[in-house]
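Shown next, in structure tokens, is the structure this report addresses.
To keep things simple, chains are lettered A, B, C and D as they appear, and every chain counts its residues starting from 1.
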Amino acid sequence: MSGNTFGKLFTVTTAGESHGPALVAIVDGCPPGVPLSAEDLQSDLDRRKPGTSRHTTQRKEPDEVEILSGVFEGKTTGCPIGLLIRNTDQKSKDYSAIKDIFRPAHADYSYHHKYGARDYRGGGRSSARETAMRVAAGAIAKKYLASQGIVIRGYMSQLGPIEIPFKCWDAVSKNAFFSPDPDKVPELEAYMDQLRRDQDSVGAKITVVAEGVMPGLGEPVFDRIDADLAHALMSINAVKGVEIGAGFASVVQRGTEHRDELTPEGFLSNHAGGVLGGISSGQPIVAHLALKPTSSITTPGRSINIAGEPVEMITKGRHDPCVGIRATPIAEAMMAIVIMDQFLRHRAQNADVQVTAPVLPQL
Amino acid sequence: MSGNTFGKLFTVTTAGESHGPALVAIVDGCPPGVPLSAEDLQSDLDRRKPGTSRHTTQRKEPDEVEILSGVFEGKTTGCPIGLLIRNTDQKSKDYSAIKDIFRPAHADYSYHHKYGARDYRGGGRSSARETAMRVAAGAIAKKYLASQGIVIRGYMSQLGPIEIPFKCWDAVSKNAFFSPDPDKVPELEAYMDQLRRDQDSVGAKITVVAEGVMPGLGEPVFDRIDADLAHALMSINAVKGVEIGAGFASVVQRGTEHRDELTPEGFLSNHAGGVLGGISSGQPIVAHLALKPTSSITTPGRSINIAGEPVEMITKGRHDPCVGIRATPIAEAMMAIVIMDQFLRHRAQNADVQVTAPVLPQL
Amino acid sequence: MSGNTFGKLFTVTTAGESHGPALVAIVDGCPPGVPLSAEDLQSDLDRRKPGTSRHTTQRKEPDEVEILSGVFEGKTTGCPIGLLIRNTDQKSKDYSAIKDIFRPAHADYSYHHKYGARDYRGGGRSSARETAMRVAAGAIAKKYLASQGIVIRGYMSQLGPIEIPFKCWDAVSKNAFFSPDPDKVPELEAYMDQLRRDQDSVGAKITVVAEGVMPGLGEPVFDRIDADLAHALMSINAVKGVEIGAGFASVVQRGTEHRDELTPEGFLSNHAGGVLGGISSGQPIVAHLALKPTSSITTPGRSINIAGEPVEMITKGRHDPCVGIRATPIAEAMMAIVIMDQFLRHRAQNADVQVTAPVLPQL
Amino acid sequence: MSGNTFGKLFTVTTAGESHGPALVAIVDGCPPGVPLSAEDLQSDLDRRKPGTSRHTTQRKEPDEVEILSGVFEGKTTGCPIGLLIRNTDQKSKDYSAIKDIFRPAHADYSYHHKYGARDYRGGGRSSARETAMRVAAGAIAKKYLASQGIVIRGYMSQLGPIEIPFKCWDAVSKNAFFSPDPDKVPELEAYMDQLRRDQDSVGAKITVVAEGVMPGLGEPVFDRIDADLAHALMSINAVKGVEIGAGFASVVQRGTEHRDELTPEGFLSNHAGGVLGGISSGQPIVAHLALKPTSSITTPGRSINIAGEPVEMITKGRHDPCVGIRATPIAEAMMAIVIMDQFLRHRAQNADVQVTAPVLPQL
């Protein structure tokens, strides 16, 4: 399989660069009969869109998605769904100055060594712009999964040094940060304003949760659902770490502490993050991602050009000072795509299975 | 693709349970002409083997691997390589008491809900025993990669609360913990002895490093080399988190701090962990894994049986008090398999590419 | 993998129905640095286009393809190439009469039973319209393969009962039938005119040849190059049979007759059709496809509706009386896509291989 | 995916050469709860076995299969099933004379050019010996499909020039030829005896039929069930052509003749061979394969050695004068594997679909 296709049964194939004519995707394997329209996809795209607050990049893209195929009379047909988003606000002249320079912490150097050349405008294929298509495809998965009682939501759990405790889901959509704690928002805004004055950037941590997932999803030994999630989430630009449940905190935990005991009323804890032996247990699936600070900052830095000569590097253009701020919808989308794919794979092999043991209610 | 096959070009397919007749694997896609013998595989298998110290499980398995195909006159032919390891020391009577019980923090509950039944003996397919085949397959990859100047090595970087600084590679093979600091070993031994008396277990952190990797490996956007690594490492039993380079420390880092500047003499740091934009940069690829504490402990715990009735659970049998102790060879193997697969994929598409820009030397 | 993606390394993913907004494709895995423009694709699309002669369907589609991504400054970048063709001449009112009827020899009945409903307009996804995208993708493969000295061409070798001997390649592009014998054309025209008056249709046989293929392409045992070709060609609408080399004539051949002997000057015959043991031998790869007669004919026939009641069926609309007439470019495209994929797969695994035995020249 | 794995959900991975230690396979994706034992596989293996009549190769292999994993208490667990068959009767000294020679119509030349060397003993991986594993894997598929009412059977429909009409299924298992007409057997035996005296070989045609297949199986546009079948059947050694239904006879058929009309009582014919638009229609799926004459014949022929020098070639060893004689179980196995894989893929996507239209009974 190619690197631009994700999934085995519910497959998402994308193409498109930051400054090319358009972004395009083909989503294959969606069951037929699912009500679907461009509006269903647009709301998640709007959550991701640049230019919606002073804290994110100032590029203005309407990001309007068009459905090209796979939907008839308002429902999916089971045939592949083509999606298209035209790029309209490319400012290509912003980038010609860097065409022969490798910007530090960007993909320039590695893309050049892989392909011998690169579309230097705005990061080309390495730009986070391609994630728009992941969000559109993820919206299709979310729609179907909702009909199965599965809900996937995320939030920012840390911005730089500021930890953000979870208060409620309602708060998340009411601020530009996807913060689940409305009281933290002023602190976050002040921090970001200072960051902009410092001409710097900072990392973030995102938490994404899937509730209502039935037990049994996951394809051991290699395509365990947590392995698939790690793959999907680590494939998002700027992600440097992925944890499930207790994650790296498990390192110092004792077995007596980490294990989630079972009672007829349910599990007593969820350090496992909803995954046991690589298979969903019916408990909420909880994942955390670490995003590195934005690479495009206006503070000068040392680098080299393609001849190997030293240069001083200043990035211009319009950039996010914290990529984490727009990452939440992308993480939700990737989790939805994984769970959709695993749902179909499990149904394929095990639709005949009769299970007598009761399913424990969610924690 | 099925869940028991890993890789696109260098593919590893495994089968086998803890208490079945044998473990088996088929490794496909290895280039022809590579010198290979069972001895090449045996040394890594011996590093992983149970029963080699008092700190690991007391099950005695010779883990002798036999090559069934794909090698002729001492060299690979390019045809698929079959591998076989017979199970000899199953003590199946140890497990009949738990056949109707879901042990907490084990895969019993989720396997039961997936398949309707499970091979309850020793964890069946969910047992870490299947990792023997990953190590054997990984040894084939390591052999080929060594001929390309790529070396993959790992060590334990933390045992429970005890952080282990890196001193030297030589130390790693000289103690049962894969500790890179010989001076820490007495402290680790004392800690483990106490853990055994407490009838408990603890987690660990493993670090694995690939050196000599040429720039250009990785298949964006979904099969970035870090995404593939996350998939491969998270698929190892008991892993709950994966980081690349600075990992979760990136969350609090500023962009000016995180970015690895470039000079003609080389990169000035390696927070990226050897991966930029999902493609290798030529710097050492550094990954860390978090392993949860062993689930099989002899301290009683609450659970339920398949009728949903509460039971008190005591695990018997022979178990690792810290699975991290044997995880290092498995992590090395998975990293080798990923890099092998990515190496072939890169060569497939880009063998014609001429790159004039110089490759920066390793940090 | 999904059913709308073909290939392992050079992958082609398509979407789009006969009467939807557009056809779309994503081609992934093309090496970078290949000169490519929409004009390169348009010439093959024009060869396939409907409405170009009185012998093919009268639907007028400009079939203008747009490249959405993957090309920069006139060359491929190595990133996925998105392609778009808008549908402009759908006459949807032609089809409402048949929305609840299963037309015989069409896919209506089987699509209905698979998906529970179907886009009944013009055959929806089952329409041959989707093959436009295969031709566009195949043109990309043809371009790269030409740079490797590989040329892929096809012709009609039989129209109904009329066998067409091969005279020369030049003739093929000079008539509407892709006939390699100019002297046969009047007979073919007369036959087709009579067929239209009879309100009937007939089958055809297409021959497609790849010359200049180096020995060594093919991935035994399952992805032999002839097996891949059979898959690719049988996936074309209306194909009912595929042969390689002597094909079904091999049934009656003696071993002494069938075998292609080798001399230092070359092979003495090519009954093998360029494939030995599933791997290319360096001889021309020769495949033949059998196409069934068009299902959409205006002669009434018996059928049923979705309630299971008998109906009399007359197809209206604009249809090819012989689908074979436009099949040649599609067969060429599929052969190009297979050889491209196999070329990259072979290079991945065997780029290091040194072969001392001489390559025999083509027959 | 690698070339030694077939299938997307029900995947079969094989390894093993003619003269290596063993043949091995891993079958993944089989639903749990299927009763399975080595005896279930052995009967089909015995049908394929060499040395069972004077008309097939005289190599004596017990072909005893061992199940290594994936079965517990007599039923499949859903975990991958490992299979092993030891080679016992290799006569390797038979082949040393040909180690530097390319035998005509064998894979020697193409394997040498692909891998730079080859296991010359008995054809190595190119030998038909590997098909034993396909038959074992196919037996697993057959078992499950039988529980769904699907039966797959084949027979020889032509031996060289002798056409064999279908009389009854009972006859097929009662003679060494898999002839469905008992009256033809003396003629076939006499022909074969003469062939042996002539030191020659001849081709054959096999017909394989799947009955009871529900409508809806097939994954357009590329993984149509007929395309998958063509792939699977063409991948069998010595196959040079595949037809579905009327196959190459469709070329001369009129549309009015070829189309299978529908009535409430059923289809009136089955020229389609059970496949419409690449999806099963519920009618028997009928495929025919053309097998070329055995390449290993004792009549001398011209060839070259690896230095490119001319040699005269006489094959010794123990060979089938007509490979078609043992091909029937292999063709059945491949058809079973395809239908199994397609069955799971269809269930994955379309398990929710409600179809009100009645399913027509089989012709």
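One rule holds in what follows: a residue touches a chain if its C-beta (ideal position, glycine included) is under 8 Å from a C-beta of that chain, and two chains touch if they have at least 3 such contacts.
Chain by chain, the UniProt names read as follows: A, B, C, D = Chorismate synthase.
Note that the coordinates shown come from a computational prediction; the quantities given were computed from them, not determined experimentally.
Using CA-based centroids throughout, the chain positioned farthest away from chain A is D. Contact tally for C-D versus B-C: the pair with more C-beta pairs in contact is C-D. Per-chain Cα centroids separate chain A from chain C by 38 Å. Distance between chain centres (mean CA atoms), chain B to chain C: 45 Å. Rounded to whole angstrom units, the spacing between the C-alpha centres of chain C and chain D is 26.
For chain D, the set of residues that touch two or more other chains comprises 1-5, 8-9, 14, 29, 32-33, 78-79, 114-116, 125, 220, 345, 350, 353. Only residues 1-6, 8, 14, 102, 104-116, 125-126, 130, 158, 160-161, 198, 200-205, 214-224, 226-235, 237, 240-248, 250-264, 268, 271-273, 275-282, 290-295, 297, 299, 301-304, 306-310, 345-346, 350, 353-360 of chain B touch chain A when the two sit together in their complex.
Across the interface of their complex, chain C is touched by residues 1, 8-9, 29-33, 78-79, 220, 344-345, 347-353 of chain B.
Residue ranges on chain A touching chain C, taken from their complex, read 1-5, 7-9, 11, 13-17, 20-26, 28-29, 32-33, 66-70, 72, 75, 77-82, 84, 114-119, 124-125.
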